[in-house]
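These are the structures, in structure tokens.
Here come two complexes built around chain A, the first alongside chain B, the second alongside chain C.
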Partner chain A sequence: MDFYYGMAQLIGVHTLLGLSAYVVLLTGQVSMAQAGFFAIGAYLAGMLTVLSGWHIVPAMLLAAVASAFVATVVGFPALRVKGLMLVVATLAFGEAVRIFWFNFDYQIAKGNIQVGPLGGEGFKQIRYFPENGWSTADVALFIWAWVIAAMVALWWLDRSRVGSVLRAVGEDELAAQSVGINLTAVKVSAMTIGGFIAGLGGAIYAHYTTHIEHLNFGVVLATFAIAYPILGGLSSVIGVLIAVIFIQGFLVEVLRFMGDWRNLLFGALIVLAMNVRPDGLFDARAMRTLRRLFGTRDA
Partner chain B sequence: MSDFWWDVIDPVQSVLDGMMFGSIYALIGIGFTLIFGVMHRINLAYAAASIGGAYASLAAFQLLSAPAIVVFLCAAAASGVIGYLVYICCFRFIPTAMPLATLMASVGMLILIDEVVVHATAGMPEPYPAMFDDVMIDLEPFWVRGDLLMIFVLSVIAMLILLYVLYRTRLGIATRAVAQQPSAAQLCGIGQERTNAATFVITGALGGLAGAMVGASVGILSPLLALPLTVKGLIVTVIGGLGSIPGAIVAGILVGGFENVFQYFRGVTERDIYVMLLLFVFLTFRPQGLFGRISTRD
Partner chain C sequence: MLELHSLSKHFGGVRAVDDLSLTVGQGEIFGLIGPNGSGKSTTVNLICGVFPTTSGAVVFEGQDITDAPSHRVVAAGIGRTFQNIRLFGDLTVWQNLWVAQNSVEERQTGWLTRWLGGQRRGRDYAGELLKFAGLADRANELARNLAFGEQRRLEMARALAARPKLLLLDEPAAGMNAEEVSQLATRIRALRDHGMTILLVEHVMELVMGVTDRIAVLNFGQKIAEGAPAEIRSDPAVRTAYLGTADA
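This part shows the complex of A and B:
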């Protein structure tokens, strides 16, 4: 049973990561910086609970706010460029964050052991959950409470005026600008929301793996972050969840019996999926079908 | 010589070494920039295809024990073929109105190529042949490593051939026409798909040469080289200016020298931070890059 809880935890955390990239993608920006925000959330929340002895919820929120703040600061200069330039700028930012943690030492003695981040060796002993007697199921529930909260918030945001503004910018910047939308404000806001969610995801990630190191937050994770919304489709937050389940559940777990060949199939299936469904697995048509099934009119 | 001179010589030596290695970054940057110029797309699988081509050429080295230069040419040829496959799998059938889909497909291709390499070599790094690696040219007070010099010379030759193809052949004229105005080019009877495919093959061959030279200068070839090479190549593309070949050449050599001097002063773990900072300086003060024009399209 613990295996399934572990998987639920993994899927939950990756869904948060995907959602953070989803918000930014709605405005048409491909951000490879999400792994960087994720790393900031992870290290800060870990330091708050381990070094300062905070409760996990305030630690997570503060770490997420810090990530959001960094995202805002990065957003202003980075969003002046677009397309490939933005991909490279955010990629470089994410790598810079990773290398920062690679060179970051801050250890204090706690009892008879040293705790805290230690450069290349990473940050061990983030043992908030075991120390407070949370079972795997508790942790999984805790994670999914956050995931559902984030999904509902984004779902609501999507249906509100804000969502229309975000999508308007994503569809056509010039048209959006000419009806009086402030492009910079919209893009930086999307980046900030994305940074907040990625920070939350990172904070949870640090606590359920108990050991983080800079290698966890490299280009691969950044690629995963944007892969979820693109593969799932940008029509709805459900797309992100479907893509995470498809990748982490189906491609990684179900195909485990294939051994080495699984990794080969992994890339090939992504290529195939994008050729067959360029709008994402869960595209606008699937969305309409779902609405018809549940008998609600299009909003 | 006084102590002061000794303090200066070593950094200058590392800048020179870095600049020669930077010619590899320049080749990768040219590949990104050329595909971007023609299709307005990013092909993230490019550096992985280059490493993949270099791996394929290992067969010629290990089975036929061919001389290094033949191995390099094999790498270029193999990478050209991989480039064509990337075009077919990631760009040919996906509608051009969906840039995210092509981006993601090329990421999938990157993973696929990497995994094929890992699968074929059991994940072990393989030794790669070098040329003139035992030669040291003594230019008092500096030294020039023979293999790095050879890399530099080969890169320059490859770039000259590329420029010749682009500016002196019908294929090059077609490529530049499609880059400038795709629909107008089609009206003149230039097949857009054929030109795009040709661009992928040409850049692929260039990348294969770059991949082979990475292997030759590092001494080994590892699938782990693909990601850092992708990142450096993209940075070079942006610093040089999107779509600008001279920009990519200058930026590649610049980044190579820059990273090596910081490796000398600050160590290998910190060196990339400074490359990123260089990029941010460019994005803030000169977002169009060294040679790029401010464009309205992206």
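This part shows the complex of A and C:
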């Protein structure tokens, strides 16, 4: 049973990561910085619960706010560049964050052991859940409460005018600004929301793995983050969830027998998906078909 | 209402717009015509802040809007359409209008309702515009699925969604048949009757001659003539620009 709880935790956290990239991708920006925001959330939340003894919920929220703040600051210069240049700029940012944690030491004595982030050795003993007697099932439920809250919030956002405005910017920036949309404000807002959600995801991640190190937050994680909304399509937040389940639940587990060759298959599958279904596995047409099947009216 | 003062835009050595001055009065339908590449669209883009001016000034209702960002220009009360239609194809027809209401609502509603409020408010407001554009029954269609003429009408409605005082129409009749052109002329006159000022950039002569009050003619970025349609029609410089010299 623990295996499935573990799976549910992993899928939940990666869904948050994918949602953070989804918001940014709606405005047409491919951001490789989400793993960086995720790392900031992870380390800060861990430090707040371990070093300062905070309750996990305020620790998560503060860490997410800090990630959002960094995302805003990164957003302004990054958004002056577009397309491939933005990918490179955000990738560089993500790596910078990783290197920062690689070099960051801040340990204090707790009882007879030293706790806190220790550079390349990582940040061990983030034991908030076991110390407070949370079972694996409790943790899984806790994670999914956040995931569902984030999905509902984003779904609502999508249906409100924000969603249309984000998509308008993603589709045609010139037309968007010509109908009175402030491009900078919209793009930086999307980045900020994305930073907040990624920070939340990182904060939970740090606590359920109990041990984080800089290598967890590299290019691979950034690639996963952006692969989820690309694969899931931009029609709805549900697409992200389905893509995460498909990749983490199906590909990673089912193809485990392939060993290291599995990673090669990921790459091939993403290339294949983008060719066969350029608007994602669940594009607008597929979503309409689904709606018809379930009898809900097309919005 | 709109004044251009010695407006210039040079792309490298090309003088796309060169020392252009003109004044569009309140409630006027002003035509801007000229052969291909004479700087008409560049002028529209300069007014809208799409790219920076080389020199000169754009003044709207006494307010200097030279090089203001596009969304500020819209907020000041200038709406535009594009020569090559630029709709948001993956949004529905009424969502195209919904996103364009920002500048209006900024003056009326709190930001929370404005951004997170439901779809109903947007729909009420878009309804009138869709009726005007003859698209009332297409509201839930994706914009990319519209026919060409419908897309042109939607783009005009989208420009109106921000409730502009001045509307810049960049070749609105391009690709239209005669009947559509005459419907367009009716719409343009109806807008003027509602107090809208219109700057019409156009190739299609029957439309320009039929609806405008005054016309300015551009050639190689410079204004070569200005006057009422009848005067323009008989102006020798204009004939030369359009048809070449008599013995060529």
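Everything below uses one rule, namely that the second predicted complex is superposed on the first by the 291 of 299 C-alpha atoms of A that agree within 3 Å, B and C clash if a C-alpha of one lies under 4 Å from a C-alpha of the other, contacts with A are read in each partner's own complex, and residues count from 1 in each chain.
Operating definition for what follows: contacts are C-beta pairs under 8 Å (C-beta built on N, C-alpha and C of every residue); 3 or more make two chains touch, one makes a residue touch a chain.
Quick caveat: nothing in here was measured; it's all calculated off a predicted structure.
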Touching partner for A:E213 - first (chain B), second (chain C), both, neither: neither
Touched chain A residues, chain B compared with chain C: B
Partner chain(s) touched by A:R159 [first = chain B, second = chain C, both, neither]: second
First, second, both or neither for A:F266, with chain B first and chain C second: first
Chain B and chain C contact sites that coincide on chain A, given as residue numbers: none
Complex interface listing, chain C residues touching chain A: 48, 50, 69-71, 74-75, 79-80, 82, 86-92, 95-96, 98-103, 114-119, 122, 140, 142, 158-159, 161-162
Contact footprint of chain C on chain A as seen in their complex: 156-157, 159-162, 164-165, 167-168, 171-172, 174-183, 284, 298-299
Interfacial residue positions of chain B with respect to chain A in the complex: 36, 42, 89-90, 93-95, 98, 100-105, 107-116, 118-119, 227, 230-231, 234-235, 237-238, 242, 269-270, 272-273, 275-277, 279-280, 283-284, 287, 298
Residues of chain A touching chain B in the complex: 25, 30, 77-78, 80-85, 87-89, 91-93, 95-96, 99-100, 102-103, 120, 218-220, 223, 226-227, 230-231, 260-261, 263-264, 266-271, 273-275, 278-279
